[in-house]
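Heads up, there are several structures right after this.
Both complexes shown next keep subunit A, but they swap its partner, so subunit B is in the first and subunit C is in the second.
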Partner chain A sequence: MRHLSKLVKLWAFLGIGITLGTVAFIFLFIFYEGASVISPSFILESPSGAILGTEGGIFPAIIGSLFFTGTAVAMSAPAAVAAAAYITFFCKNDRMKVVLHSVINTISGIPSIVLGLFAYSFLVKSLGLGRCILSSGTALAVMILPFIEIRAEKAFGELSEEMIRSSDALGCSRTYMFLKIALPSCKRELISAVILGGCYAMGATPPLIFTGAVAYASVPESIFEPAMALPMHLYLLVAQGATSMDTAYGTAFVMLALILILTIIARALGGFRK
Partner chain B sequence: MRYLQDRIFSFLICAFTALSFVSLLFVIYFIVREAMPLFSEVSPGEFIFGDRWMPIGYTGEPSFGIFNFIAATAAVSFLAIIIALFISIGAASFLCLCTGEGTREGIYSVIDLLAGIPSVVYGFIGIVVLLRIFFRVGVHTGSCVLAASILLSIMLLPVLISSCCESMLRARDEYLLPIKALGVSEWYGLATVIIPASWKNILLAVIPAVGRAMGETMAVMMVIGNANLFPSLLGKSETIPAVIALEMGTAVSGSTHYHALYGAGLVLMVMLFVINTAISILRRRLSRI
Partner chain C sequence: MNNALTIEKLSVSYDNKEALKDISLKIPEHRITAVIGPSGCGKSTFLKCLNGQIMEENARVSGKVTLSGTDISKLKPSDLRRKVGLVFQTPAPFPMSIYKNMTYAPRYYGINDREELKRTVTEKLKLTGLYDEVKDELKKSAVKLSGGQKQRLCIARALTVDPEVLLLDEPCSALDIKSTSVIEELLLRLKETYTIVIVTHNLGQAARISDMTAFINDGRLVEFGETGSIFKAPEMEETKDFITGSFG
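Right, the complex of A and B next:
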């Protein structure tokens, strides 16, 4: 009996130790190794060098990533918030709710690489858009749709039932209630959900590989041209091997820093986990 | 006037909600459409159970069999979930017995940082840290199924820890007082009562993680070695998402190779769909008892 409790105690400390140790290791490792590469010119210049990326910076990739993320969020956020609003406030049919939930669950279960295949077949080939930000952005939008929807639905669900009933009792329409009560009081949570969705999209590579991210491009001017993206750039630098390892650490640094800052903003807005 | 506005707004909400349906239908339609031509050339049985993947016939006939890829996808996910469960149950036990509400929330938000790290960064760290260790130990080039599983298990931790902890906390609230009243140590009670009592819920919580694990592309692709071999613990192998990501760029649009990659994507989707449906039926059964 004493042995068993010691064993379990050891297991518990081991588990939490490994987990927190890994978190600390990943961030410290990348920030430590990447810090020496980061400089204003690394962030503000284009990649160069005999083997692309060994010299120069990653500016087009940063802007490209913002374009990809922006497109995805702009397409996905309205649909996700509308679906959440529909399920919580407008839908009166329980069976419909079940169907919608299972649709959203199914979407969240589609692997991101399959979404890349979909965007290639639908946008790149059938619609003839070619490899461009819009094609990738659509794949990313489908990917983050359930992600935002689940968080938005949770935010709407936490509104007090009493408030909704009262507005019904006063004869307000659900539209009026949604615009005047639900949206304003969930504004922070919704923005936080959208930012977190953006982080998720920014880090994803598989939907971009063959639909719009390229090894080298200048800063994009519209969403109908291909662009560089941070995760894709990091992958290519790593795949090239030892010559471009320094810039790979730098790229990983920038990506983690961007995502960390955005996550902290989102957390501060949405309140720490309830 | 107001009435008209309401109608228009409700209509807009419905239209945007319909986008979710439409996008799911489109994804399914386009994947199936591009995969279908494959089956006029290769029979489904041959495609799924064949182990020769020769998209271009340099020597002899081209052949398309993805059995090794399917096995590798399943093996990597299974191993990753076993490793992640081991760590998660430990971490959840700690969170259950050693922390108050405030500390627990703090630790949760630290662990959640893992979920935000992009999978390429995991792959990168896997290459520069994990593969070097495996190489020193004597694995040829370091790439292996085990390395991919370890990396993947770290990515699964945030989801698994929070769901393990949730079900264990529920069991703790129910049984901790009786355990203490019997004069038994908390840890013994945890091992003999709380973990067994929450076992069923923990297993059900694992399922969303299966989808995440099987669909993961970058991190796995960067450390698994990408060779068409039947998976073994320290050997190279290749998963379905990795094949698609690596070969899509070189497949001629409209060729059998191209359709075969869509076929592989379809197989992956069907596998996930079957698992998810089976589990949701199981979950309904279990929650009814």
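Right, the complex of A and C next:
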């Protein structure tokens, strides 16, 4: 038994070590490889060069990514939080909850390329929206909906049952309770969930490919036009081969830095309470 | 003496399992009625019937409960909740200031006048003896109060909607002896204004503060009467066994 518990401990330590080591290695590697091309002009200029992207910067891709992510979050967050609130506070039918949970789990299992295909055939073609930030944003929104919903539901679920029933016992409606108690006390967790969902959307390529991300575009002015996106740009740079590897690493650097900063903000908001 | 609540032939079952069987009793106004009985006998279920919460659970309910002459099934749920307050075992203050805890329900019912709100807060906090302890820190988060203070806040909060009846489900079982006796004194004061029904595991507490005692066992009302006679000379053997602790 003692040997077994030692083994389990060793396994746990190894697991943590390998995980942390891998993450650290990926970040350091990318930052090391990418640091050489990082400069104000790389961040603030448009890509150029005979083979596009070998020279110049990635500014339109940064802004484009923020547009895609912002659109996705704006569409997804309200729906996800509403779904979580409905399941936690309003739905009295257990069977309904099971159905909703399986729908949400199913969505989270849909491969993102399939979401891209759906957005392409339905939004871009059938509805005639064309390739634009809105079409991609919709696909991304569906992709991150379960991600945000699960976290929001967890936050709501941690509110004490007796507190909710105390509000009921005063004759106040659940809506009033939701607005006055649940939302304010879960605010940080919700914002954190939304930011993390945004990070997830920012890194995803498949939903954008046919629906709104393009190899070159200037900085977008509305969500009805196509735009560049960091992950797509990165993909194209790598696909072009050796000539653009430096700028590829630079792009990855910027993406990771953005995601890292956002994650830290999200953790600081959601994680450090209590 | 008038009756605040009249319960007639009340039965409750949760998916075919009977939790309360054919309970009839009259709860007198401005008295403390204690409900005692072993764990799982249906005490909480009984309270839930009095404030209508039972309707929100998957339970089959039959029988009739009247509150000062009105059949409670004829009342709107929120009106019934206003008239019959409920305080739970674990003190559950809302995660906001003491003041906001106290104005939560009045605001819901449309009271927005600041002077009026302030009056209600002061009056109810005074009733529960909490006012002098917290009057300088009404803006403080209620979560930071001590256990006993939290429970008194919850009682004060239940009073902000001016109920006729106050139900308490083992309000002291999470508290120490001192906080418990503070609450007991408080309840004795409150019965001047409100009708009180308290579920308690603490037989000493029932004997100390209640005027009437109902003993429920296995969903049946075994005995109901004046606390003095229930404790000194119970009519039923079952009651005697429970009170002398030789139960089970």
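Basically, the second predicted complex is superposed on the first by the 253 of 274 C-alpha atoms of A that agree within 3 Å, B and C clash if a C-alpha of one lies under 4 Å from a C-alpha of the other, contacts with A are read in each partner's own complex, and residues count from 1 in each chain.
The definition used in the following text is that a contact is a pair of C-beta atoms (placed from the backbone, for glycine too) under 8 Å apart; a residue touches a chain by one contact, two chains touch by 3 or more.
On a predicted model such as this, the values are computed, not experimentally measured, just so you know.
With the two structures overlaid on subunit A, would subunit B and subunit C clash, or do they fit side by side?
In the arrangement built by aligning on subunit A, the partners subunit C and subunit B fit side by side.
Counting only touches as set out at the top, which of subunit B and subunit C does A:223 meet: first, second, both, neither?
In the superposition, A:223 contacts neither subunit B nor subunit C.
Considering only the touch criterion stated at the top, classify A:252 as touching first (subunit B), second (subunit C), both, or neither.
first
Could you tell me if A:160 is touching subunit B, subunit C, both of them or neither one (first, second, both, neither)?
second
Quick check on the superposed pair: does A:92 touch subunit B, subunit C, both, or neither? Answer first, second, both or neither.
Touch status of A:92: second partner only.
So, A:173: does it touch subunit B (first), subunit C (second), both, or neither?
both
Report the partner of subunit A that touches more of its residues: subunit B or subunit C.
Higher number of touched subunit A residues: B.
Between subunit B and subunit C, whom does A:112 touch in the aligned arrangement: first, second, both, or neither?
Only subunit B is touched by A:112; subunit C is not.
With the C-alpha centre of subunit A at the apex, what angle separates the C-alpha centres of subunit B and subunit C, reported to the nearest 10°?
That angle rounds to 100 degrees.
So, does A:184 touch the first partner subunit B, the second partner subunit C, both, or neither?
In the superposed model, A:184 contacts subunit C only, not subunit B.
In the superposition on the shared chain, how near does any CA atom of subunit B get to one of subunit C? Answer in angstrom.
8
Shared contact residues on subunit A, subunit B side and subunit C side combined as an intersection?
173, 176
Any idea which subunit C residues touch subunit A in the complex?
That would be residues 51, 53, 56, 77-82, 85-90, 92-96, 104-105, 108-109, 154, 157-158, 160-161 of subunit C.
Considering the complex alone, what residue numbers of subunit B touch subunit A?
Residues 2, 5-6, 9-10, 12-17, 19-21, 23-24, 26-27, 30-31, 33-34, 86-95, 97-98, 105, 107-114, 116-121, 123-125, 127-129, 154, 157, 161, 185-188, 190-192, 211, 214-218, 222, 241, 244-245, 248-249, 253, 261-262, 265, 268-269, 272-273, 276.
Given the complex with subunit B, which residues does subunit A contribute to the contact?
For this pair, the touching residues of subunit A are 1, 4-9, 11-16, 18-20, 22-23, 26-27, 29-30, 78-79, 81-83, 85-87, 90, 100, 103-118, 120-122, 125-126, 142, 145, 149, 173-176, 178-179, 196, 199-200, 202-206, 209-210, 231, 234-235, 238, 245, 248, 252, 255-256, 259-260, 263, 267, 272-273.
Residue numbers of subunit A touching subunit C in their complex, please.
Those residues of subunit A that touch subunit C are 92, 160, 162-163, 165-173, 176, 180-181, 184-185.
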